[in-house]
Amino acid sequence: MSVLPIDSLETPRFCGVPTFMRLPQATSLAGLDAAIIGLPSDSGSPFRTGARFGPNAMRAMSVMLRPINPYRGGINIFERLSMADAGDAAVVPGYQEESLERLEASMRALVDAGVTPFAMGGDHSVTLAGLRAVARRHGPLALIQFDSHSDTWDKYFAGKKYSAGTPFRRAVEEAVVSPAHSIQVGLRGSLFTPTDISQSIELGYDVVTTDEMFAMGLPALATRIAARVAGRPAFVTFDLDFVDPAAAPGVQTPEAGGPSARETLDLIRRLKGIDIVGCDVVELNPLFDNASQISALLAATIMAELIALKAEAARKD
Amino acid sequence: MSVLPIDSLETPRFCGVPTFMRLPQATSLAGLDAAIIGLPSDSGSPFRTGARFGPNAMRAMSVMLRPINPYRGGINIFERLSMADAGDAAVVPGYQEESLERLEASMRALVDAGVTPFAMGGDHSVTLAGLRAVARRHGPLALIQFDSHSDTWDKYFAGKKYSAGTPFRRAVEEAVVSPAHSIQVGLRGSLFTPTDISQSIELGYDVVTTDEMFAMGLPALATRIAARVAGRPAFVTFDLDFVDPAAAPGVQTPEAGGPSARETLDLIRRLKGIDIVGCDVVELNPLFDNASQISALLAATIMAELIALKAEAARKD
Amino acid sequence: MSVLPIDSLETPRFCGVPTFMRLPQATSLAGLDAAIIGLPSDSGSPFRTGARFGPNAMRAMSVMLRPINPYRGGINIFERLSMADAGDAAVVPGYQEESLERLEASMRALVDAGVTPFAMGGDHSVTLAGLRAVARRHGPLALIQFDSHSDTWDKYFAGKKYSAGTPFRRAVEEAVVSPAHSIQVGLRGSLFTPTDISQSIELGYDVVTTDEMFAMGLPALATRIAARVAGRPAFVTFDLDFVDPAAAPGVQTPEAGGPSARETLDLIRRLKGIDIVGCDVVELNPLFDNASQISALLAATIMAELIALKAEAARKD
Amino acid sequence: MSVLPIDSLETPRFCGVPTFMRLPQATSLAGLDAAIIGLPSDSGSPFRTGARFGPNAMRAMSVMLRPINPYRGGINIFERLSMADAGDAAVVPGYQEESLERLEASMRALVDAGVTPFAMGGDHSVTLAGLRAVARRHGPLALIQFDSHSDTWDKYFAGKKYSAGTPFRRAVEEAVVSPAHSIQVGLRGSLFTPTDISQSIELGYDVVTTDEMFAMGLPALATRIAARVAGRPAFVTFDLDFVDPAAAPGVQTPEAGGPSARETLDLIRRLKGIDIVGCDVVELNPLFDNASQISALLAATIMAELIALKAEAARKD
Amino acid sequence: MSVLPIDSLETPRFCGVPTFMRLPQATSLAGLDAAIIGLPSDSGSPFRTGARFGPNAMRAMSVMLRPINPYRGGINIFERLSMADAGDAAVVPGYQEESLERLEASMRALVDAGVTPFAMGGDHSVTLAGLRAVARRHGPLALIQFDSHSDTWDKYFAGKKYSAGTPFRRAVEEAVVSPAHSIQVGLRGSLFTPTDISQSIELGYDVVTTDEMFAMGLPALATRIAARVAGRPAFVTFDLDFVDPAAAPGVQTPEAGGPSARETLDLIRRLKGIDIVGCDVVELNPLFDNASQISALLAATIMAELIALKAEAARKD
Amino acid sequence: MSVLPIDSLETPRFCGVPTFMRLPQATSLAGLDAAIIGLPSDSGSPFRTGARFGPNAMRAMSVMLRPINPYRGGINIFERLSMADAGDAAVVPGYQEESLERLEASMRALVDAGVTPFAMGGDHSVTLAGLRAVARRHGPLALIQFDSHSDTWDKYFAGKKYSAGTPFRRAVEEAVVSPAHSIQVGLRGSLFTPTDISQSIELGYDVVTTDEMFAMGLPALATRIAARVAGRPAFVTFDLDFVDPAAAPGVQTPEAGGPSARETLDLIRRLKGIDIVGCDVVELNPLFDNASQISALLAATIMAELIALKAEAARKD
């Protein structure tokens, strides 16, 4: 049995406190297959800040989305997956490591209850908290990272090890991801050091730059991703700066020259047969999203497509 | 017993789906003294539109407010009044009269349960729905209207009788307000007809223009308002365009030359001994409120002060 | 003989009250082949509102356009078609059905005078008014609809039949379009019901989704459109949400994943030999178009290209 | 006989190409008492630029104003003065001196026809063009300048004599104003040189700083202004930066610490018996006026009040 | 001898990388009396974030200021004080305590060289770093705090002691201020606890609320401030939320109902005879300052007035 | 030897006055291979204005870029080229011809010192100043112009010959470019006259429209460009309106239907073996770039790629 969102043909979408896609707010985790959760931390941001407002911005625009996904056989995603909006984790602004602990605890509460988390960032450092929580139950994870940056630097200012630029090195060190089954897609742009990309490969990741992505074509890339993670519990992390700033201006570290929204959604819709045990969409910063808030809409759309990827695999009756 | 809002010294205010001042969402009306409710209709707007987004904008900024009111003896307003956020009424965009019916029904549900509604507009036409609902229980109401416009025109385009410019003529015709105990404060600016102000007086309202307000001084005005409504169940309607556009740019019909935020709050804080049985703050339009959203903050602050006015009179133990 | 717009090499484009492409304002309809008209109604909008400001936003940006169209043989569109800006129809905000009547009357005034209307919305419900007016003279019309949504739902809130989501079902019911000669292009995104697309097909429309559009290629699509409407008086309705939100952020119902501006213009420029008897560009909402107003510029550019499509067929001397 | 603007109780104010207060556009000057004219030049701006868009921004917000002025006995200003919107003068962007010539020619066309110009800037350099045109007919003028800056510097970059910082020195040199009957009101803020204020006094102007203005009170100031210009044909120039940036953020040279909108309008409404032969409101820059456009609304309101000052003196039947 | 800023009558103010008031950038501290320094940390912000961009926003608008101060006898502030722009301290985003250490080190470098720091925040937590640095040289300081909040809470989320809400309790505990010679001015608004204000008094501060400020009048308040700090080395900290949000929308914690910009500047200009050994203007957040950036202009103006207060006391030849 | 920019892994990019890519400011030209210089003039703009703020907007976003270019073999561009930020040329607002003289003088100072200028506009008229300065040393230049407009009109308002629409006709007349070795790429959109494109061909330029660009493909186009300028000292001028407004909304004359940011960067990265002796990126207008400032980021990225094109050819040790 699933609880369906509010019917937007009956009650206008601007009515009511906005939850993700107008889902009910979670009052208990019992019976849920998956849940939306906000991870509103931006203490890991090295430049722009404001991703703390990302989860509610994503909720506000998500009310424009509808539950039927025509790209996955016309399924109603919330008939396949019983879901709720679990609200936000708490954080400690200005205290990056304490924030990661709180985020991990909230994620773990879901995972321990058998509820797959679909998390809304926050900056990219929050993914480390998610990976830790999910890997505790599922072991080292197959990571699918959409991102214009590798985020595998070793440290940032004053030698600090936890920031939005370092989580995927930490994740390997902590063995919460299995790099041999993981892939980073979409890297591009100018680099700090000549090894910004090779360092990911040395850590064991498969790496596909934006240029390589277009050279091989999206169908081939979708196949490569699926093959890389095959048979493993997978965590999908989508950094919104994967997309070109024209389609996603409201991000913390925009990188000119990425795929369009159509190309991005096409790629995600081509993914098949991935066993998602955790997921996040991160780095949305509504303070830079202008009046139109198209980045928030795109982030919510991507989240809904990732939910559909899991829903497609679910068998409900 | 009262349920207190989330403690903002423990959980940052950007965490979680924003309700008004982080109040719990109403799951039942039992035990509530008062409730916040959104009336997200802007079908009555003759010029700017977008007030349908007003309630959620007010909620988003209201999380910056704190529960102790130092202007009323340091009371915790939510210890005096048991409150919750009752969400929004549904509306029928583009169908003004059907929208008023739905709004009235939602307001009536609160009033019938003995819960005092503190409503967030929406354009000023929604007040007619509120007055109808509250008057059904309390009889013709003493109206305190803060507004730069009288809103007592007879009709607008195509002879239509229900718009943001007409509710306080309709309210007299329908006997849901008692004009002899009612007052309009803050009228100013250019007029459509020479009788824009005198028509209110002819309807029986006491009228104080912005110029008169400053000539008599705010303490005298507060006394005059209290005397006008004394002993009667009162409905306070606060049109945000009462305030100067510098302090409230995000309104539907800005009128240059009004009081500042400080003067406005000073006036409200001077009101004493009014028996509020219904209240609304209307005409906030966040689409014109710029990135800073100071109009939404001011609207929320005014609402909190009006709640405090009622809380002061309540005796809790 | 035609009256040419103000010469922007002599008088800067920021000088003067902006009409569409600096055309003269219509003082009479005599001698005009076509006219620009604004249909500033947004009472049919189920979510965002503000399209009432669309016509003037389109005018303001249209002054950047120039009269020679190099994609149609370098013709001066205003030498081929004698045109003027006929101003706006009046509407009744908050009264959707009365608004449609007023809009239809204004459109009919042009049509009855033999002037082809090129209308600026307004939300998509205004197209029903246009179709009614034009079909009265030309019979059931061949409709070419560019749109990310089918707008063929039966009813919306409270069972209301007239909204931005329903005009193309009403148009079939009222026999003002001939679905067998009509086509909807660009549908995409999540759906309310599994039949959102098939319901259009059941009504008799040819339907091309965004995915199908790119699969077949734009030249083939242009041919398919022309074939579908061949020999019939055609009405072109362009909903700006056909385009990706990156290129058209200022719309009422943005849908991520559409064609770029370049692809959109390329498609329109490939259309040939269509007998346009009515046209509109709708759903522009300048309140969400940010400081740059690129959606308004694109809307104006599309309008100018559609005028050129008609101008190409005209024979002037 | 006068032509009245469009009735905003019949046709919504968002309908139609916006002229100033919905006045008819001038097709001839015959029979007009006064006219609105735009002077869209910002080539004289030493810092911010964009005032070229000021006239149309003022028109767009002016549709919110109504024709009856309750501060001058409830007169309908357009029954007293037959007016029209005469459009904009042409300019030559990047060529300051040629622009001034074109502006003067357009102003002179009005003045020569006996039509009092109410001009919308444009930066403050346009006032020199206006003064030249009006003085040609009326002789050296009594100038009433509301401004936070004296604009009596001698020259700017590269020794250029014509900029927004110099017109009121030029005006004295050219004998188009009579400084002995002229007054500058509102000067404040930091200075380039110790003589920024005394240089105005040396030129013969009466000068009242913002501090002095509040020390003497607005009634006394209104009297002083009237006394200064008594019996002379007067030109009123209102630089929007006279007002505090809170109320007028969209100006070219904001100066913190000015009067509020209410204080500003109060001062203007107290002016009596001034023989206005020319007037302008300048330095509005809508590119800095944010989504709410409150500066444009204030500028239009000030213009309407200055028209009312002239209308009050007119005797119509 | 002093180095004067670039002459804005020769080179337009938009030319060149903006330093504070176009001062030279410091290449050495030798010979400087005072210096501008940015403290771009917002890790202490409990709600809004983005004050890290405050220093450069203040610089960008400060180019509109001029060096002569007519409120202090027409002195050229940079002839009295030899100043330069010393750039920004480095910080460690997400690591509040390490950031405070870096900020203190940068401030100490100035203080140790005998250069009075005029610092630009950053959130209010940066003031603790400044106080520590300055007190090391001058002993416990007389603090003059303009602020709508006391910032004397004990701790915030997870018991953390260092945030924008706690510096003035910490400063007393660390004996870097002498509360008996210190004063907090401008407190207002709703409170977290009934002791929000009394806790400051218990710590030994003199406290003047916004209401008390207007009750006593600005001249009396200026006298009270001067008396409180008399004879002591003083540190002035100006939280921009002291001012009403109408005049300072771009702050991190806006509080409705404060003084206007004119009242604020009037108060500062009335201060006399204060021995400033350190100063900051904090909490400017340009991400919420809208296109017009009036908060940044006001912040820069306040800084220039505080420099003038020190310059007035300096004797240069 | 080269001076490297500030290391953004040590000091956050929001710290310090922003120079282009955090380069040192030039204190002398000795030893420099190339320099960044701002040309902040918009006196040549026929419609939108504000490009005077372009150089500092580009600097502000350029701090997000990193020095290693993976598209040119992973070189550190600042190890290959010794560079500094030389600040801005001075201009004379409102005096287009005097401004061009000042701009040329500043450019000449660099060229005479053997420093290759990489200039930031300003409107497109500034390129004429640059061409004059560079051609003085290198003779008639091979021009590579990326632009949606030809900018080869003869004159604008009042017959003026110097504006953003005329520089490339003037450049041929003055023999500072050699049209036989020059190419204009990206022309599109509606035209003023039927000869807008042919006039460029008649002047001798090779011309590639946007449509032709996509028809031939980017690799072929890169080859055609290189062949056209082969062996000649080349000047690259990049008008940001070459790009589609979705990716570059903040320009002075947006033209719908251009290449995406990815396509644009792909084209530039394919250019090889061009002997750049001067370069500019122009027409960025931050007043229309919205909060996200993606146009400024793209402009800075394009500049960095053009620097890399030159750096690749340099041999450093």
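Letters A, B, C, D, E and F mark the chains as written, and numbering starts fresh at 1 in each.
The rule is simple: contacts are C-beta pairs under 8 Å (C-beta built on N, C-alpha and C of every residue); 3 or more make two chains touch, one makes a residue touch a chain.
The chain list, named the UniProt way, goes like this: A, B, C, D, E, F = Agmatinase.
Source: prediction; values computed, not measured.
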Query - Partner chains shared by chain B (Agmatinase) and chain C (Agmatinase) (touch criterion as defined above) - result: A, D
Report summary line: A CA-based fit of chain D (Agmatinase) to chain E (Agmatinase) gives a rotation angle in degrees, as a multiple of 5, equal to 120
Report summary line: Larger contact count among A-F and E-F belongs to A-F
Query raised in the report: By mean C-alpha coordinates, which chain is most distant from chain E (Agmatinase)?
Result: C
Query raised in the report: Interface overlap for chain A (Agmatinase) and chain E (Agmatinase), more than half of numbers shared or less than half: same or different?
Result: same
Query raised in the report: Using the average of all C-alpha atoms in each chain as its centre, how far is it in Å between chain B (Agmatinase) and chain E (Agmatinase)?
Result: 37
Query raised in the report: Using CA atom averages as chain centres, what separation in Å is found between chain C (Agmatinase) and chain E (Agmatinase)?
Result: 55
Query raised in the report: What is the distance in Å between the mean C-alpha positions of chain C (Agmatinase) and chain D (Agmatinase)?
Result: 40
Query raised in the report: What residues in chain B (Agmatinase) touch two or more of the other chains?
Result: 10-12, 14, 46, 52, 90-91, 93, 157, 244, 246-247, 260, 287-288, 290-291
Requested in this report: Identify every two-chain combination in which the chains touch.
Outcome: A-B, A-C, A-E, A-F, B-C, B-D, B-E, C-D, C-F, D-E, D-F, E-F
Query raised in the report: In their complex, what parts of chain A (Agmatinase) are in touch with chain B (Agmatinase)?
Result: 10-12, 14-19, 25, 38, 40, 52-53, 56, 59-60, 85, 87-91, 93, 287, 291
Query - Touching residues (chain side chain D (Agmatinase), partner chain F (Agmatinase)) in the complex - result: 42-46, 49-50, 52, 90-96, 98-99, 102, 125, 157-158, 160, 162-163, 287-288
**Report entry** Of all residues in chain E (Agmatinase), those that touch chain D (Agmatinase) in their complex
**Finding:** 8-14, 63-70, 74, 76, 244, 246-247, 260-262, 264-266, 290-294, 297-298, 301, 304
Requested in this report: Sort out for me which residues of chain D (Agmatinase) touch chain E (Agmatinase) in the complex.
Outcome: 46-47, 153, 155-157, 189-194, 196-197, 210-211, 214, 244-247, 249-250, 253-254, 256-260, 287-290
